[in-house]
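Note that the chains take the letters A, B, C and D in the order they are written out, and that residue 1 is the start of every chain.
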Amino acid sequence: MAVTQAATERVSPELRRELYESMVLSRVFETEAERQYKAARIGGYCHLSSGQEATTVGAIHALEADDLLVTGYRCHGFALARGVPPEAAMAELFGRADGCAHGRGGSMHLLDVERGFYGGWGIVAGQLPVATGLALALVRQGRSQAVLCELGDGAVNMGAWHESLNLAALWHLPVVFLVVNNEYGMGTSVARASAEPELWRRAAAHRMHGERIDGDDLDVVVEAAERLLRAAREERRPAVLEAVTYRYRGHSVADAGLTYRTKDEIAERQALDPIARVRAQLLESGLADDELDAIDDDAEQRVQAAVKYALASPEPNVGDLAAGMHAAGSMKQFARMRPGSPFGEEELTFDSGLGA
Amino acid sequence: MAVTQAATERVSPELRRELYESMVLSRVFETEAERQYKAARIGGYCHLSSGQEATTVGAIHALEADDLLVTGYRCHGFALARGVPPEAAMAELFGRADGCAHGRGGSMHLLDVERGFYGGWGIVAGQLPVATGLALALVRQGRSQAVLCELGDGAVNMGAWHESLNLAALWHLPVVFLVVNNEYGMGTSVARASAEPELWRRAAAHRMHGERIDGDDLDVVVEAAERLLRAAREERRPAVLEAVTYRYRGHSVADAGLTYRTKDEIAERQALDPIARVRAQLLESGLADDELDAIDDDAEQRVQAAVKYALASPEPNVGDLAAGMHAAGSMKQFARMRPGSPFGEEELTFDSGLGA
Amino acid sequence: MSAVAEAQLASRTEVMTYREALRLALSEELARDDRVFVMGEEVGQFDGSYKVTAGLMDAFGPDRIRDTPISEEAFVGAGVGAAMLGERPVVEIMTINFLLVAMDQVINHAAKVGAMFGGEVRCPLVIRTPNGAGNQLTAQHSQSFDGWFAGTPGLKVVAPASPADAKGLLTAAIRDDDPVLVIENLPIYKQKGEVPLDPEFVTPIGRARIARHGTDLTIVGHSYAVVRALEVADRLAESHGVSVEVVDLRSLRPLDVETVVESVARTNRALCVEEGWASYGVTAELAARIQKACFDELDAPVERVGMAEVPLPYAKGLEHAAMPNEDRIAAAALATLGLA
Amino acid sequence: MSAVAEAQLASRTEVMTYREALRLALSEELARDDRVFVMGEEVGQFDGSYKVTAGLMDAFGPDRIRDTPISEEAFVGAGVGAAMLGERPVVEIMTINFLLVAMDQVINHAAKVGAMFGGEVRCPLVIRTPNGAGNQLTAQHSQSFDGWFAGTPGLKVVAPASPADAKGLLTAAIRDDDPVLVIENLPIYKQKGEVPLDPEFVTPIGRARIARHGTDLTIVGHSYAVVRALEVADRLAESHGVSVEVVDLRSLRPLDVETVVESVARTNRALCVEEGWASYGVTAELAARIQKACFDELDAPVERVGMAEVPLPYAKGLEHAAMPNEDRIAAAALATLGLA
């Protein structure tokens, strides 16, 4: 297994502390999200990434301000690490007007165009062609930036993976496919889904660089993500980066997550918790326990503030049901469609002030 | 390039003579088909495989009687080599009732279930999942047979290729994917379509055996196809066999085939014609010119007889427009659908005596 | 089992959920016919993402209850190929939204086998998948493409609205020699009803059912829309004393227009309802058929209600407003009755 | 160019084929806007499988006229992503049949971008593809899924039936800020007609056209069905002295029902025609709309003609019998007029 070695010196104590804050924020945010889901303030699908924070935060740290990000539906941590305010994220989970998608997308479809985050998508591997297209646009626009595209270990068996990798390699597009291998796609282990369980090896089918890393080692993630994103930006070399990590909670809040793995297995992995690891490193490097507790408390407070904000944010106006569906001016195109409409359709309007 | 060496001794003079007959029949049949197309007796798409006969005939020879075959739309040679009577094939091209698909399928959709040929399919790579399913059925039925699935070099960039290979490898299905690399997918060369132009290497992405052979060397094709089909039958080891060959005519009869390659390139390849090669080998092994001429004449006569047969075969009965669409007895299920039908629909009937 | 016991069983029914009725049909058919096997994501070890197949892997083993990778195109196509060789695959697609990635295998392969090959080979494939919305699953996960499949010659499409039909139609689909799409529905999975225990019980494909008798208005629908229609019928009986007849289509292809037409010929008014978008949807076909077959009987235009024509938003309030909920159906019914 | 020259050009028209009109729109838009680029199989070196893009690679280079591998799902999705970043991709799909393998990117990605992300980002993607049958291309290659896309909120769908609209609608689609599917048609590619040379000429999306004025019957259709309808109208004028009005829809979403309704209100009879299967097809929606909007004006039920509901067979005779050919349309028209 081609595990790149950690280059601990690359992460300074200051940076490590910063990334620790981000990892803790993600964990606390999602713990709260599960609580709020059970309190029925959040609905739909809600996929948590507790346990995966080193991969999420390390990879996002490697992005430059103008780089782009695309993910699947397990996107809370990525959004927060990229700088989406917890308020905007929580308000989205609550389906409120001040959510980052104005309450239209929910947990799976967070986004923040100003920060280059082009969504949270819900169809397995469906985001790969989209990410490939964003990379193509970067090239056409002469921007020397890169796209980071997250997907799961189960997504590598979709045809869209194969077609997107070939296109990216053939056209030398600046995109890094981050395979978050949390060992299961819903209840299916990698070994039960993939004839080649070393997923990074599939990159070779397109003469593309691939490598597998310990996704729970923050330093390793930062080093590899920075290196591959730089190669994408500077040499237009796409790559596959497989980060091996683990999901503590069920596939979604609705899944207890125990028909396909044991409590012991989960406990074993939690004993190696990436957040605990980083905390230990920070203590070693001289930070005091209470400084770290202060960070944890601060995360708690930020998340509680986000909940307050979300609760205070108004429900979207039902009159804006179709807001954003079409570009401004489209109402005129649809004006002559009214006669004989299905009941109630005449009332639908979509030229609205929401969003761009 | 992993070119397996020829094992000339494996093909006896008798067998070589037999395969020569089959190669010539395919060439003559398609030459006549093009003539008939231009005489407007054949319509639709008509894809010729002139130049690819060593691959076609060699691979089919490696099949046992109970093995199964699935191909794309370039299927004339495969059908004939598998034993479909030229009469039934030509009648199908002419759209006549005695065609192997009763005039419903035409050039792209030849089949012969009794000979284990499950079609001639028209969507690039669409036949791969179907072939995978046939292999699964063989396993479920405890039959130690294999499926040969033909596809082109352009088809390897479809998602269906990736998904089918993973499924076949993961479930140990007895299927050999024969990639007929004729160097172009319509007007696109392999290098312009595939980031990894050595297509056989892609099998490794699924821990599947892959190899590339000279598809114009009959002996090499026979040896490799026999070996891989045996491994599929006896050890349920699927594989990718890439046969490098060349298409003399355009992509289809409608394509002159010269916007993307030169006349010289075609001439160079024709100088190495696989049929001429085998003819030379037969002469060496002692056959006389006139014996070989007799084979060629015989092929001409068989094809002319096929044309006569096709012309004599009746046009399908227009009353049987929907024949075969549904299983016997389905008319009763549809009986209550008539009121308010679109104009003319009431008359459609499909419980018919055609086929199975 | 003794003939007496069998006779008793044949006549017995039991109250169970729609989900349990589907599971009963599957286990009976798996037991009856070795050619039947189930294939899909999470159908085995995970017990099915909506638990329809719960326990079946323990009962029938991993060969007959096959967990697949996330590769809908490949395993739907594998179902086509296996069916062509005489197997009886029952492929589960988690929700109908994911059939979009396997569309080519359903429309251009499964549906073509019979006619394109001149009847030389058949494709007895069953695809099971739920449609529907209503749990804030949002735009990509809340759709109903029912009409697309119903409009594809070569396919048969059924959509049970009750536990009894869930069993009867799934059994009929598995025994049918053609490709059949069985459209289930998320909100109905937990609905309870009487289900015949006779393993030979089938709901014939192509026969609609009068779910409720009435005289003033016919509400026509399939799948969850039928449940909503029945609720609205009760409501309007109380609130306005109107008598609503409800037709449960059960099959979309073949479509039992005769039953619909007989009903509308009596009530002279028709409202067509569906969970999906109405424009270019199932209700468009219903309206087109009814206006032609009942031209002289109609006292009012055929009305339609469907999901608001927008990618379904996440927020609960927006989602509710967008659904063809009982209030909207009732309002449409009153409008059709001229009581609005 | 001088203002005078421009003014002259603006008013000039030229006779050209539908194919040439599309090519003219593409080259004008490529020249006008650097964000526009063309992507698809064989669009460059091969000159396009139906030659629409012939010569464009020489004129604009391989970056703006991109040949792709056979990977529809990837390059349609790449169009979505590029459009989200402000590019104006024009993706060619050889024929609409092949959109089945990219369905997920069209329906669950392109169409969702605007609403699902609350209007935060747009997707100005154009997909061009021909529908239709009639050259013995057989079951897998002779389909028209027009209604499926027209029934998808978030998409816009246009289908030019004349060279002028081929140019005008493609130009409008490229300039539109939403995803637009431009449905071309195989048999029409070679049709000739007057085409405005003004680079600013656009056919507004959502506006139908009265292609022929008449008083006794309205035939409504889109794409090639309009060409057939015009032929039938002439025929019936001669044979039966009836006056047929023909409405060319031009757009399917938004659908200009007003123009249809105004026409039917005058003729009191409507026949809807399409190249694809009529059941659950485009004509179902037309009939549903007309019966509601013209309930009191209709003297006869709205009639429909489409392709016979079977996977299209290969044999010439079978294929012809299955097509909505002029004889079948004329017969349906006479039936609607009560002259059958």
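General observations
Keep in mind that, in the parts below, a residue touches a chain if its C-beta (ideal position, glycine included) is under 8 Å from a C-beta of that chain, and two chains touch if they have at least 3 such contacts.
Since we're looking at a predicted model, the values are computed, not measured.
A count of contacting C-beta pairs for B-C and for B-D identifies B-C as the more extensively joined pair. Set against the C-alpha centre of chain A, every other chain centre is closer than that of B. With centres set at the average Cα position, the gap from chain C to chain D is 32 Å. Centroids of chain B and chain C (each the mean of its C-alpha atoms) stand 39 Å apart.
With centres defined as mean CA coordinates, chain D is found 35 Å away from chain B.
Chain geometry summary: the mean Cα position of chain A and that of chain B are 45 Å apart. Residue numbers of chain B whose C-beta contacts span two or more other chains: 101, 103-105, 109, 121, 123, 126, 157-160, 163, 166, 170, 193-194, 322, 325, 341, 350.
Touching two or more other chains at once are residues 69, 71, 73-74, 97, 100-101, 104, 108, 114-116, 138-140, 153-154, 253, 255, 279, 283, 288, 291-293, 303-304, 309-311, 313 of chain C. Contacts from chain C toward chain D in the complex involve residues 73, 97, 100-101, 103-104, 107-108, 111-112, 114-116, 138-140, 145, 147-148, 150-154, 253, 255, 277, 279-285, 287-288, 291-293, 295, 298, 300-304, 309-311, 313.
Across the complex, chain A meets chain D through its residues 68, 70, 99-105, 109, 111, 113, 118-119, 121, 123, 126, 128-138, 140-141, 159-160, 163-164, 166-167, 170, 322-330, 332-341, 350, 352, 354-356. On the side of chain A, the complex with chain B involves touching residues 157-163, 165-166, 169-170, 193-196, 201-202, 204-208. Interface of chain C with chain A (complex): residues 41-42, 45-47, 49, 67, 69-71, 73-74, 97-98, 100-101, 135-141, 278-279, 283, 303-306, 308-311, 313-318, 321-322, 328, 331-332, 335. Interface residues of chain D facing chain A in the complex, by the touch rule stated above, are 37, 63, 68-69, 71, 73-87, 89, 104-105, 108-109, 114-122, 124, 153-154, 156, 176-178, 204-208, 251, 254-261, 288-294.
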